[in-house]
Every structure is written in structure tokens, then in C-alpha cells.
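Next come two complexes built around chain A: one with chain B, the other with chain C.
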Partner chain A sequence: MAQPYAKKDDDRDDEAEYSPFLGIEKGAVLQEARVFNDPQLDPRRCSQVITKLLYLLNQGETFTKVEATEVFFAVTKLFQSKDIGLRRMVYLIIKELSPSADEVIIVTSSLMKDMNSKTDMYRANAIRVLCRITDGTLLTQIERYLKQAIVDKNPVVASAALVSGIHLLQTNPEIVKRWSNEVQEAVQSRAALVQFHALALLHQIRQNDRLAVSKLVTSLTRGTVRSPLAQCLLIRYTSQVIRESGQNIQTGDRPFYDYLESCLRHKAEMVIFEAARAITNLSGVTSRELTPAITVLQLFLSSSKPVLRFAAVRTLNKVAMTHPMAVTNCNIDMESLISDQNRSIATLAITTLLKTGNESSVDRLMKQITNFMSDIADEFKIVVVEAIRSLCLKFPLKYRTLMNFLSNILREEGGFEYKKAIVDSIVILIRDIPDAKESGLFHLCEFIEDCEFTYLSSQILHFLGNEGPKTSDPSKYIRYIYNRVILENATVRANAVSTLAKFGAMVDSLKPRIFVLLRRCLFDSDDEVRDRATLYLNTLGGDGSVVETDKDVKNFLFGSLDVPLANLETSLKNYEPSEEPFDIDAVPKEVKSQPLAEKKAPGKKPAGLGAPPTGPTSTIDTYEKLLSSISEFSSFGQLFKSSVPVELTEAETEYAVNVVKHIYDGNVVFQFNCTNTIPEQLLENVTVIMDATEAEEFSEVTSKPLRSLPYDSAGQTFVVFEKPVGVPAVGKFSNMLKFIVKEVDPTTGEAEDDGVEDEYQLEDLEVVPADYILKVGVSNFRNAWESMGPDNERVDEYGLGVRESLAEAVNAVINILGLQPCEGTEVVPSNSRSHTCLLSGVFIGNVKVLVRLSFGIDGPKQVAMKLAVRSEDQAVSDAIHEIIASG
Partner chain B sequence: MLLAVLFSHTEGNILVERFHGVPTEERLHWRSFLVKLGADNLKGAKNEELFVASHKSVYIVYTVLGDACIYVVGKDEYDELALAEVLLVIISSMKDVCVKPPTEHRFLNKYGRICLCLDDCLEGVTGELRER
Partner chain C sequence: MANFGTYQESCPSIKNILLLDSEGKRVAIKYYSDDWPTLNAKLAFEKSVFTKTQKTNARTEAEIAMLDNNIIVYKFVQDLHFFVTGGDDENELILSTVLQGFFDAVALLLRSNVDKREALENLDLILLCLDEIVDGGMVLETDAHVIAGKVASHSMDAGAPLSEQTISQALATAREHLTRSLLKAAGGFHVFAFHYGYRLFFAASRPTHTQQVIVCAGLWNSV
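On to the complex of A and B.
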């Protein structure tokens, strides 16, 4: 019976599961590669084998060195074939195999022959392969051909040479730089791609010469650039030239602005966008300059291509941070993007609208965003929440709408980071908008009724404890707090107990009820909860009647722990149980800096060198123990501060010396930690001679030499100076290490009897004002500032001149003062024009100091600073100002 | 900087990949991330329709062509528009080689030529995509 005729389908039916590489195996393919050795080459077969090799490599298979070498040598035989397709595959596989320098020599002559071939495809690809696998020595031999290729009539050949030049510039710049003339000629090529590659290479060659780049840009902006890609490059280089020229725009139009503006009318969208973005990124850009760029970006917002919409809304989002008013015209177009299928575009549109919206549009915006939030991922939601927070701070009267929105989304599904962002936002709004406090606290209370995150519940309870008692009716929060004691896990219950105690301490009328609740907590199943309840019942004292709470009790409950936790932990570990109770005032308050050993680069020490020359790498406790064990120092009193070790020698020197400055009220002890790195030497009577000519307020008292310093050991020598008591004296000391050196017999390890006096110059060291300040942070700066009071406050303004950036100016001032930055205010957000930094510390004499620094930077990078200092002593406030004035 | 070019089958098998400047331990993450991105967004998409995504300062432009999903990932000067240009060039080369939108079978049949075209397209990228 005849089979019915079945029309053969194209690709699908019987080949649904078929793959030409099915069951491919490396060993088998390497065997197949032997066909490369056949005298009668079959180009098609060889191409297939090479394809399989490529497939293996692309699937992550690796060849051993031997296998790769064998394949490479076999492949080189394929140069005998004239088949163009096969030759092309040969070029590709050679690049993929990446032969080593000694293997490359086998194929060099074939490739050089191809470089001069009449076939353009051979010339172009041979150039690319050779430049990929060659090194500098061969490059000089083929340089002539490359220069010819750059100006070849065939654009493929020219491009190949130019692109190879771009790659070679990384490894052999001096050779490629000699091709400038040819590359310059190629920039004028009529072929778009050649012009593009030539421009890229020419810029790279000249990028370190600002004038040359400027000339290049000037000539090309006046001439014709055919390639849109080359135009984009030119726009970027133009932006670079504008940036580097630092033109004062008040004296006239910005240079090259006309060119950028003309690119906004180019027919290629990429060029238009590049020009628009370049204009929006200009430093100190004015609204007049921005307008044409924003107009074209607005047109992109309604493009059918998601890439263009994304590009436009991303740029407008950035502009809105600094020039929100310039973007308001685009609001209508952006509102339609809220429902864009691409969630990145939609999120950017929303956050831009939140920055550019005015007060009247807030309600409408919130309605639109409500539906949108359920469609996007948590990371986008966090961005939106932060934008809403900023909007609320901008329009505080709209707090109700925005707070309701935040509390609604807090109730919905979401991850920890998202919920945390919302809670943080509500907390900030409560703090900064007094009217929002009651409703905000209420929303937070509702949230903790059903919160799955212990961290957030704890955070909110702590916040409630601080803010709740200050509200008009604190009692309404008690129910929410006590519910936590009944329903939650041990951590949250313990926090709730602390919160109840705070209410009891601050609101006298609530004390009786709080006492009842706290007594119930004494029966909790968890130790921590019971301990806290006991502690607070005893601390609040009395019988729970309505009496005013002691000030000390309030300080205990609400004050911050001003001791660094790491120091507290160390002290507690060192405390040995005895009749004397642990004294928290004895815990050192100074924040530990990073030990110097960690800062040293690894691998620099010669073999056999033992401990790094930093002396005891531990806390102030160890220094205190060391110094108090030396009888001559025992009369100096309490050690105020020990500095971090400061290197006085460079790395890899014969003798490594660093110094620690120990500051007392009336003395400074310099501890020199010395290490001898020369195995054939023993040093004795090591001491440091310090010249205090430039440190007039100091006078040397005594020194304690180091008796013996063998190879590979560390030892200390001390020099003591006296200074006026309570005065933060400064000065510069030049130092000379003096010692007796004895030769050591390497075989016996014994030193000679006689030694020779020698000396070794060390670097100078300085005693600076920051040495008299302990870095002691405060956890709540605002509270500490308020409680310090303005009696000893001094405020003044200073001009810091032209600085590299705001961050650099802030860091410089922090380092000069030597105070501890608080609440993360040492970090300056990028592109910030202003910044406030909060610092705290303890001045010598145990005087607490708080500093508020306000910085501002203008267009020409002039930085102005306002310094407000509060302390317990007016003289100290003046001293801080004096540091800045003279620094 | 162009970080990666990746071809995968619509069902998620990686066909060709090129990474540059991406540590080995991150590549696994990139592979699964890109395949998931395609699985979420490319269903029912038209051939050559460009999609864009971003994560912090890294941009991804991707599309579907027949059975193949193509992703290009870049950052800094390779922003979304530059990546779109790169992807358009790759698509154009693929169409030259495969004539019509390729099935997996056709793709694998033309594998060698596709590798050649990819090598041509990406030769001009600053920093070579030799790592895989």
C-alpha cells in the first residue's frame, strides 16, 4: 500500500530534539582533529571539526596545555588550504586557543604572508589575529604593514588595523603612538566605521595631552563627522574638554555648547540622546542651557522604543535632583509612563514625579502610585518610599496624605528591607514634622500588632519609648506595648519591658499602672525579661505611687551609652570577679583606630622577619600597663591618650622604627618601637636623639635607652618631654637613632665584643592639636548637643579656599580636629553642594566637646565652613576654633 | 565597558557566552539572572523587539530572535543606547547567517558561522570578549 505523501516540513517535525552536537565529547573531537594532518584536506570536514572545538570551548570545556598545543599545531597545517571559509575558521580558532609566545612563531610567517595577500578578508583577519597573539618584538617587524593597513582603501582592512591598534595601545603604547599621522588621515575617511575607530584610537593616543585633545575636538566639531558612533564619541570628548577647561560661564557662553546644541537636531537618535545627556551633565549648567536638552528628552518619553523611553526618563530623573523646576514641563508625559510595561521605566517616572511635583499634585500622584506599588519588586518599592519621604519633608503640610500612604503600604506584603525603609521613613517624618507625630506613632503601633520582623518591632518599641511619653495622651500607647509583652518572642518582650519603664519614668501619672504591669513581667519565662523588669522596678524605685522620677533615673533610661562597645567588651572580659564591682567609668572611651600592622602591604617582609615593628598591637590598657611598669613614668598621672603608631622609616629599611605618642597632662612620652632587620648585626644602647628646636614649649626630661636589639626582634626606647600643664602644646621634632652596632657571626650567632657607634636618621615627627583630643562618639548627637547647652558655645565662619571636592574638604577638617564623626555624617553624598558633619570627643582635661560643621561648595569649588563648638569649658571651644584658624 | 554577551535558547540552555571583566564566581549568577529575565519578559515578544533592564549602574538590553534569546550587558560608556546599537549589529549578523529567525536546530547547524560573526561584531569592543 502506498504511503500517503507527507510534505517534508522545514525544520521542526522530525528534528525537534536533534542537535548536531548531541553526545559531543572532547576526546572524540580531539581525535577527529587528526584530519587536519591529511595531505588531501577536506575543507568542509575541517570546518566542521573546528566548529565542534568552538562549541566545546563555549560550553565551558577546557583544554589542557598539551591538548591545546596539539590542536594548535594541527590547525597551522590548514594554512595550506586555499578555501576562504576554512581560512576564516582557522583565524578564529587560533585566537580562541591563545597560543603561547614560543608557539606563535610557528604561525607568524603564514599570517604575515596573509597580511600582504590580495584578498581583503585575509589581510583584515590576519592583522587581527597577529595583533592578538603577538608581543612587542614581532610588532616592530610588522609595524610597517599595520601603518599601511590603517590607510588601506578597503574599510574592513583599515578598521581591523585601527581596532588592533586600540588593543595594542594597552601593552605597546610607544609603538602605536608612532602611527599618529596615519590615524589622523583615517579620521578623515569617508567610511563611517573607519572614522569611528580612527577617532577612538586617536583620542586614546592623545588622551594625556589636554591641548591635543582640545585641538582634535575643535577641528572635528567644525568638520564633517559621518558616523553617528563617531559623533557620540566626539560629544563625549567635547564634554571632557569643557569639563577640563573650567570655564567661568558668567563671562560668556560655554565653549562648544553650540556644537552640543546642534547635535540635538541630528537625525540619529543615539546622537541626540548623547548630546542631551552631555548637556545635562555639564557642571554648573543653567536653566537656559538645559531647556533644549529637556525638550528632546521629553519627546523621547513618548517613543515606541522602550530603550529610548528608559534613556530619557533616567536622564530626567538625574536632572530632577538638581534642577527640579526644569523638568516640570515633562510631568504630563511622565505620568503616562507610570503604567509602562517596563517596571524600571515606571519606577524612574514615579520617582522623578515625586521630585518635581508641586504641592497641589501630591494627592493625585499618590492615587496613581497606590495601584502601581503592587506591580513592582521590593527594590523598586524602596526607591519609591525614599522619594516619598523626601517629598513629605519638602511639603510638610501634606504629611497626612503621605503618612496614610506609607501606613497602607506597610500593611501589605513585603520583605524586610522594604518594611524597614517604610518604618525608617515614618520615623524621620515624625522627628522632623511635629504635627505628624501622633498619627505616625499610631501607625507604628498598629504595625507592631502584626509585625513578623523582630528587628523592626524592637526598633519601633525603642522609638515609642522615647517619643510616646512626650505626646498629649501617652496612656493610649500602653495597650500596644503591653500586648507585645504577652504575645511576642523574648527579644520583643524584653524591649517592651524597657519601653514600659520609660513611660513610667517620664509620665508620673502612669507610674502606678506601669508598676502593676512590670510586676507581672517578673513571672515571664525568659531571663532577660525578668531581669529587666526587676532592674526597672528597682530603678524607678518607690512603691509605684505618683511621684516625680529622679533625674539620675531618667539619665539611666534615656541617656546614651557613651562607651564604645568594643572597649566595654574588652574591659568586661578583663574584669576579674572580686569584691570591687565593675566600674564602667574606667572603660576607655577612645575609639580604637585600625592597628598599623593591617595597613602594611603584604609580602614585603624578607624571609625570617618576625613580629612587625609596631610594638604591642593592643588597646590603651596594654600601653597603660607598659608605662606604669616603668618607675620613671609613674609620677605623670593618668594617661590621657596614646596615638596610633607613626612610621619614622620607610618600608624595607635596615632599621624599622615607629613612634607612639603618650599624652599626659604635663608630659609627653615618646615610645619608639624599633626592629633590627639585619641578621649580621646586634644593636645595643639604642636611643633616639630628638631635636626640639621647633617645639619650644617642650623640654626634655629623660630618656630610657634600649639595652639590646638583636636581629628580628622588637624593642622599645622612650624619650620624655615636659610641657605646660593643661596646654595643648604643639611642635615638630627631628630624630636620630643612635646605637652601638656589633657584628654577629652568622655561623655561630655570637656577637663580637667590640662595637662601633653609629646613627641613623629618622623622619621628623609632629605633635599636633588632634593628639590632645580623644575620639569619643555619642549615639544621639542631638540630645547631647541640647543637654550641653549654649553657655560655652562659639560659632564662626571660615573660608577653606578652593578644594578638590566637598568630601575632600570635610575629610581634611575631620583629620585636623581629630574628633569622632557621629551618626555617619563623615560620609558626603556625591554631587552634594552642602553637608553637615557632627563630631564629638573629649579634650585633654576630660572636657567633652561637640562640634557641628556646616560646609558649602560653589561652582568654582570654593568651600565655606561654619564651625559651631559646644563644650564644658569656653577655653576649649576657643581652642578648637584656634586649631582651624591656624590649620 | 561591555560586560557580557550571551545567547540562550528560549528554554534556558546557554548556547554562546562571552564575558569580560566578570569573575568566574559571578558568571553563574549572571547566567541564571539573564535566563530568568528572558523567561519573565520575552514570552510572546516579537522578534527583534528590544527590551531594557537595569540594576544599579549595569544595563541589560535583550531580545528574542527565533528560538534564540540574545542579551548584552554593559556599564559606564556602554549605556542602554550603546548596547542597543551593539545588539542591533548582532541581530543583523544573525539574520545574514541564518536567513530567517533561527530555530535551535538551525542555530546549531550554523554554529561556526555564528561564532565568526560574533567575533567580527565584537572585535571592536574595547577590551576583548575572549573569556567564556
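On to the complex of A and C.
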């Protein structure tokens, strides 16, 4: 049909680059668009011009407002033509031009006419165009036709209306929701895709009504679903219902699991895969439930289609993170995928194998990977390197093989990111596996001999300076380091000088030789290198006498900077050159910015392949970092638990304060996060006075005031209490925020010199038993329960009185205990009369606790509970019972 | 636009469909998501997709790759590169079904003469084809014959004589039925439909064989 456009004056010499749009220009095409206004329309020519316009838009050309409007008005004239092909192009260009509201009115009547035309094609397309460009007011006018269209017997028309409904739901939900009867009828349609679209729309209309979604799923899983796409959709909705309803403990069966499992035998691969993926994603999935899904995925692994192999290996890779044992059956198929043409598949296969492999297979695996590494891109190599690092930490005995592998790939070609990943891995292995230290350092030394990245050389030299002197034979590293001084650029030379000095300071026997080397550096061409050499020679006593390096010098060389760099930077900027030297002790040591994890915006997910899920550990990590940076707290030992922040002020008050309870074995640290919301005030010396009269077992040790809290910033002040070691002491504290207020001139931002002392009442704070319990889940509760044994079991029954519902009672008990619900048992199916809930956790003193709660509810909402506790310590079992008895 | 909440509660959605030439230049493209708000972002994405997949062999089976949290399935023929992109939570097989639908529909519309020049000369058909496959990220239709049928029926000349119109309609239906049965019988054979004036015959051939097996299925003469 559409023929080559006649070229105007080109002598087409049939070269390969010939294109019908060669030399096309926007201006010329806009001129051509005048044919739309001809009284005698030539449909073919008009189609061609529209195609050219679409081509321009497709190539990224944009029309100005005026141009677009002009074209749009010209196009509307084309509704006069009866040519179907032209009309179709008109629809397309109208959608692409996305006209403004006042322009839409021009075509509305034409489109509405088409919507009621006898030609199905007109109807379907007019609906789609009109819904795309329409706004709310117009929608009420055409609503009647749309409702009709949804139940139209032509599937194309029905689908067009339904899909448009899905888009309109985003902007005009209240209108679309009125169509649910028609949509419901369309769900029963015999046309495959109509059912798919209707199901999608119906679910979106009802997505906030759990019961309705559950009913929808129940009826459809029993009925017939015609298209694979609709089936996939139904699987997604089913897993949503499963997630929200929880598991039935009595039979151990999950509602709808049978349906998912039956989908594994569907004839469409799309559906099989969707079902397998849904099963692997079930929360607290058991290995029995996983098996059929893994089996079909395993079959996919040997498919001839790359897409299928990729889908299967990617899903298995995710499963391997949580259930490595379940995936081991696929290892043989997985190994053959290492040589897959598609590198994404090969990489996923390898990282999966690295996760599921056992100690004995490591050597074989490494051989296969070595061949594979040479021909994949850097980004994949990094994924592999990271997987190998975690494998090595898992099997420390295999460090030799893995370290050799890392050093081999370190010698090969590669970009910065890749090399950095390898170096980081080696550094981590050296840190965590003492046996690997010597060989690891040696590999790093070899690497810097021929390293093109200044950053990496510097990093390694620094690391060598810290670790090298502690090895059995430090002298062997000197050669590598001094080579840097001879061969490298200034930055690396300066670093090498520092590293040499560290060896000199730590190893007395090397001192004379180090001095010789450092003295040679005094003649370096670079200032920094000479300065460093001079400095170190003087501090180490390089005047010839060999003396013990004294403590101050060691501190100076190795001690970390105990002030935050940002603070140091501000202080240095504010320092005006004068007689008085800059005093580093005057730099404030508080960390200004709030380093809490909650501040982090929920950004993009970590890059695709094999990236581990970021767990809740990150919060505790930041706390740990924060606390360990404060010297007073370093003697408390390992941080057991940090609570979630508890608000101590109402929202929108002058000062916002929340508290985090950090539990140590014998201490509790209260971290008050304060925010000043008054622009005219600067707060200084902020502390919290805690009254512990209702907390007898606690005694205050110290507190750490916040030096200053300007407007709209957050800071922390700490109060430390001592408590009996290992005992879950509880109590209630009343709190008072105490500070000095200084008025701030809002125009200049300068604070007045003298302030007034003030107080601010905060809400009370309680230390509860749950603070001493860590939420730690177990994957198989029954096994854990059996292996714990009945020795320290305590069982008792409690009446919980009248409760609103069973679910409410279950939640209340879980919250009081602060344990981790297992296997999805925290969810109570609605209307059930009894429920069993499984909890697990770790009590202070690292005692594992397992709890089995059986609830029952009777007519007048009286709830009774049977509590069975097993733990490693009888006292802890008793303590759990006490929590309930007193709660 | 195509963002309907999180996976599992959401419909399968397509982020874009690209048809590029052997140098990575656009032949026809359609974006359904706001992930690439500007022209430059779009072009940068196309460039990275193209360079990443360029060296792979996606001529017999569709291939797949991951790029910046997106899954891309792709297939090449002659100097044309077909891509379909979805989010990284999307069911890969749904994406590849959409790709296959687009790919096969284009092959049907271009009468198996699938290359850049032919595609540009029939750009209107390609654009209509895109329009019939996905609407604002929602999958509209994945069956290549239905898609091609819809596009072909649009391109019918209203001004053509009645007899010719019935013939072309007959052609469309017959083509559809026959290709289906041939596909079943020959499994993996490429099916062509030629039509010259009022005569038509179908041919099935396997490209790897030099010798073409031609199955004459029917010969109609004008009324």
C-alpha cells in the first residue's frame, strides 16, 4: 500500500543509505501540510504528509506551540474524508500532538461521532484517542458511551474502552469507579484479552478493598481464565491475597497455594514462570512449597530460549539468597550455563553457584570461572568478585584458592571500578581471615608495582603502613614501598613516604634503614614529599640516634583524626591568620548532620544483578558507628539493640525530640535527637534531665550535652545509665529538656552573647522488656522448636479479657514481647475463632527464645491465650512469662 | 503513566518499544514511561541499549539483557533491531511475548521483506502496528496475526472497487488461517504470503535451506 515517496529532484542513485525521508526538513513538511486544507482531499497524499510529520516527531524533532496548533487545526479538517487509512493516521497524529484543552473541543464532536460509528475500527480507536486527550468535564458527557463500549460484543472495542478506563482511573477515579458493573460483566467475556483488561481494571478499582479482591480471586481461581496474560495477573493478585491473609496453621496449608501450584502445569510458559516466581516470593516459604517451583525453573534452565533461561536463573539466584539448599539440585544445569552465550545468564549462574556451593566444590568452580572471566564485561566481573568475597568469608579454609584467584584477576586488564572491587575484597579478606594476611599483602604489593590508578596505589600504601609492620617479616615490604618513591607520581610518592615512616615507627630494627631511605626523599622534586620526609625524620628522631618511638609520635602517625572532617573544614575556614595558632582542640567534635538511616531517601534499588537486599541492619550499623565514635561509650562492649525512635514531643511543637534506646549488657544509653524549629533561637548546652525515681534498678552514670543547636538543625545529646549486668531491668523516666536560649537576629543570623536558661517538659519514657529482645526470625520454626528440646519449656495460660478482635489481641501480645513473628503467623485470617502464632528472638545475653502462642476467642470476645516458651535458659523462659503476667 | 504501584499488584507494563537500525539510529520508537523525561535521556538510553546488545546474536531467538534496573528483550533481523523494555520486576516472558508479537506483525506487514528501507517506506504501517500493540504501557494485543490484521484493515483503500475489497478481505482471513496451520505443520518455518493482483499463493520456506519448499495453497482468480 504505502509506496516509496517520490523524491522531488533527487537523482536516486540507489545507494544503500537511501531513505524515503532523506533530506526531510521540518519547514518543508509543514508547508506540505497545507494539502490538508484542499477542498478536494487526496487521502493518499495526506497520509504521506502525516507519516512525515510522525517521522519528524519520532526522530525527536519538536514543534513549537504555534506550529503544533496549526498542524492540529489542519488535521481536524481531514475528518471530512471517508478514507479509513487516513482516519487511522489522523488518530495517531492527534495523540502525538497532545492538544491543549481548548483545542480538544474542536475534535470532540468528530470523535464522538466515530465512537458511535458502525465501523468497529472507528469506534475502538476513537475511544482511545478521546480518552487520551480528554479531561474530567468531557468525560461525564461520554461516560454513557464508554460504559456501553465496555460490554460491546466486539473485543477490540471492549478492550479499547477498558484500557482507556485503566488510564483514566489515575486522573478521574470517581467516574471510572462507577463502571464496575460493566467491568465485572467484561471479566466474564469470552474474548481472551478483554478478560485480561477487565480484570486489570476491576482490580484497580477495588484494590483498596481487601475483601472484594479476595472474593474476586476466589471466584476466578475456580473459573476459567482464557488468556495467559489474564492468568499472570490473577497469579499476582492471588499472591497479594496470600500475603495479606497469612497461613492456616492447623493444616499447615496456605490458602490458594494449590492454585499457584496448578498454574505450574499451565501450557503457557509465561504463566508457569509467573506462578513459580510467585511461589518463591511467598513470605516464609517452606522447602516443601518451594520444590515444585524449583523443578519447573530447573527445566527452564536447559531451554533453547535465552529469555527463558535468564528468567529462570534470575529467580533461582534470588531464591539462593534465602534458601540456598533448595537450589542445590539445579547446580549441574547451572554449571553448564557458565558457558552460556548470553553473559548476563552466565554471570547469574555463577553468582548463584557461589551462593549454593559447598566447600568441596569451590576448587572446581573456581577453575570454571577462571576461563569465563576473560570474556565478560567489567560490570559482570565486579558482581563475580563480590560473590567470591562473600564465599571466602563463608569458607575461610578455602582462602588460598580464592585469594589466588583474586590476585590472578588483579593482574589482568580491567577498569578502575573492577580493580577497586578486587582490592577492596582482598583488604576485607585480610582483615577477617588472619591466615590470609601475608599472602594478601604480598599480592597487593605486586599489584602496586604496576598500577595505573593513583587512588588505588594510595589506598594500598596506606593499608600496608597499618598492616605491614605487624607481620612476621616487615622488611620484605620495604622494597615495594621504596620502589614507589622512585617510580611514581607525586601523590603516590608522598603516600609511600608516610608508609615508610610508619614502618620506621613500629619496627625498631628497621629504623636505621628507613632513615636512609627517608633522607633520600629530602631531595624529591615535589614539596609535599620533601615536607613529609622532613616531618617524619624529625618526629622519629632521624638524627642518628636509635630510640624507642614514643607514644605521642605513634599517636600522631597512626591515631585517627578524632574530629569530623566537616567540622575541621568549617573551623579552618573561619580561622583568621593571627598571632594565635590554630587550635585543633577547639574544633567541635559533635557530628552535626543527623546520621540516621531514616534520613536516606528511598532511592533507586541497588543495581540489578545479584545485589544483596539491604536489610534493616543498616540502621543499627549507623548507630553503632555513631556510638563507637564517642569515646565514653567504648567501654560498654557490644551494642545489643537499638530501639526505634520514640517521639517525646507532639508534632509541630517548638522543639522536636525523639529518643533511641541503646541497650548494652550493663548500660543503657539514651540518645535524644533534638531539632530546633524556632528561627529566632539558638540553643546551647542542651541536655535532658532524666528522673529515674520510677526506675529503681537504674543509676545515672554520665550525660553528654549538645554544645549548640541552631535553627532547623538536628543534634544529639546522650544520657547514660547503669543497670545490673544481663538483667532486663525495666522502669519509667520523666524527662526535662534543659538548655540555654540565645536570641538570634533573623536578618543577620547572629546570636546575642548572653542567653537565658530554660526548660521544656518532655513526655515520659519507659524501658520495657521488649527492649531486651532482638527480633531474629527462624526459617523453620518446627525444626528450631524440636531441637531446642522441652528442658526449659514453660507453659501457662492467660486470660486477656475482652478484646476487639483476635487480630488485635495477637498484635498486642507480639508488641509487648517484641519478638519476630515467624512463617507469616502474625496475620490472623478474618473471622477465625482461634489462631496460633510463632515467635522467635534473642534475649539479652544472647539467649535464643522461641514462643508458641495459641489464642482462642469466645462469643463475648473474651480472649484466652496459651503461652509456651522454649529457650536456652530457664530463667529467660520465666522472664518471658513475667512480661505477659505483668503486661 | 505506566506506573501502577509496586509489582505483584500491578499489571504487566511496557516502558518502551524501540526499532533501531544497524547504527543505532531511530526507525520508530515509542516511550510509555516517564523514566526518560528528555530527548537526551531517551537518546542516551537508546545508545547504551544499542551498544550493549550490538555484538550479541539475537537473530534466531530473542535475547535478553539488564540495564539500569530495566530488562530489555531484543531481536534482530537484517539491519533492524527490535527492543522491548520493562521494569526489572517484570515477567521476562511477557516482555518477550510482546516483542515477538511486534516482530512477527512487522514481518507480516512488510511481507517478510524486513529491512530498514522497507520499514521506512512503510513507516505508517509500523507506527500503526506500535499503536495496536501497547497503549500507554498496557499490553493491548500480542497475537501478531491479529495486530497485522488490524493494521492491514486500516490501510485498505476505501475508494477501491468493491470486488477488490472483498478479495483483500479474503486474502487477510485466508492468510491468517493458512499461516496458522502452516506454522503448526512446519514448526519454525517462516511463512510468507505473497499477493499479486488477484492471485495469491503461500510459500513456506526454511531460511537455512538453499532450496525453498514452496507449498502452493491456493489460487484465486478474480470474480
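Here, the second predicted complex is superposed on the first by the 554 of 887 C-alpha atoms of A that agree within 3 Å, B and C clash if a C-alpha of one lies under 4 Å from a C-alpha of the other, contacts with A are read in each partner's own complex, and residues count from 1 in each chain.
Note that in this section contacts are C-beta pairs under 8 Å (C-beta built on N, C-alpha and C of every residue); 3 or more make two chains touch, one makes a residue touch a chain.
Just so it is clear, the structure is predicted and the values come from calculations on it, not from any experiment.
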{"item": "Partner chain in contact with A:82 - chain B first, chain C second, else both or neither", "value": "second"}
{"item": "Partner chain in contact with A:98 - chain B first, chain C second, else both or neither", "value": "first"}
{"item": "Which partner, chain B or chain C, touches more chain A residues", "value": "C"}
{"item": "First, second, both or neither for A:311, with chain B first and chain C second", "value": "both"}
{"item": "Partner chain(s) touched by A:565 [first = chain B, second = chain C, both, neither]", "value": "neither"}
{"item": "Touched partner set for A:21, first chain B, second chain C, both or neither", "value": "both"}
{"item": "Contacts of A:211 with chain B and chain C, given as first, second, both or neither", "value": "neither"}
{"item": "Set of chain A residues, in rising order, touched by both chain B and chain C", "value": "18-21, 47, 50-51, 54-55, 58-60, 88-89, 92, 95, 128, 132, 159-160, 163, 166-167, 197, 200, 229, 232, 236, 269-270, 273-274, 305-308, 310-311, 314, 342, 344"}
{"item": "Chain A residues touching chain C - in the complex, by the definition given at the top", "value": "1-5, 18-21, 43, 47, 50-51, 54-55, 58-60, 62, 82-85, 88-89, 92, 95, 121, 128, 132, 156, 159-160, 163-164, 166-167, 170, 193, 196-197, 200, 203-204, 207, 228-229, 232-233, 236-237, 239-240, 269-270, 273-274, 277-278, 281, 304-308, 310-311, 314, 341-342, 344, 604-605, 607-609"}
{"item": "Contact footprint of chain B on chain A as seen in their complex", "value": "11-12, 15, 18-21, 47-48, 50-51, 54-55, 57-60, 88-89, 92, 95-96, 98, 128, 132, 159-160, 163, 166-167, 197, 200, 229, 232, 236, 269-270, 273-274, 305-308, 310-311, 314, 342, 344"}
{"item": "Interfacial residue positions of chain C with respect to chain A in the complex", "value": "1, 4-5, 7-12, 26, 28-29, 39, 42-43, 56-57, 61-66, 68-69, 73, 88, 91-97, 116-117, 120-125, 127-128, 131, 135-136, 138-142, 150, 153-159"}
{"item": "Chain A-touching residues of chain B, taken from the complex the two chains share", "value": "14-17, 50-54, 61, 77, 79-82, 84-85, 103-106, 108-109, 111-112, 115-116, 119, 123-124, 126, 128, 130, 132"}
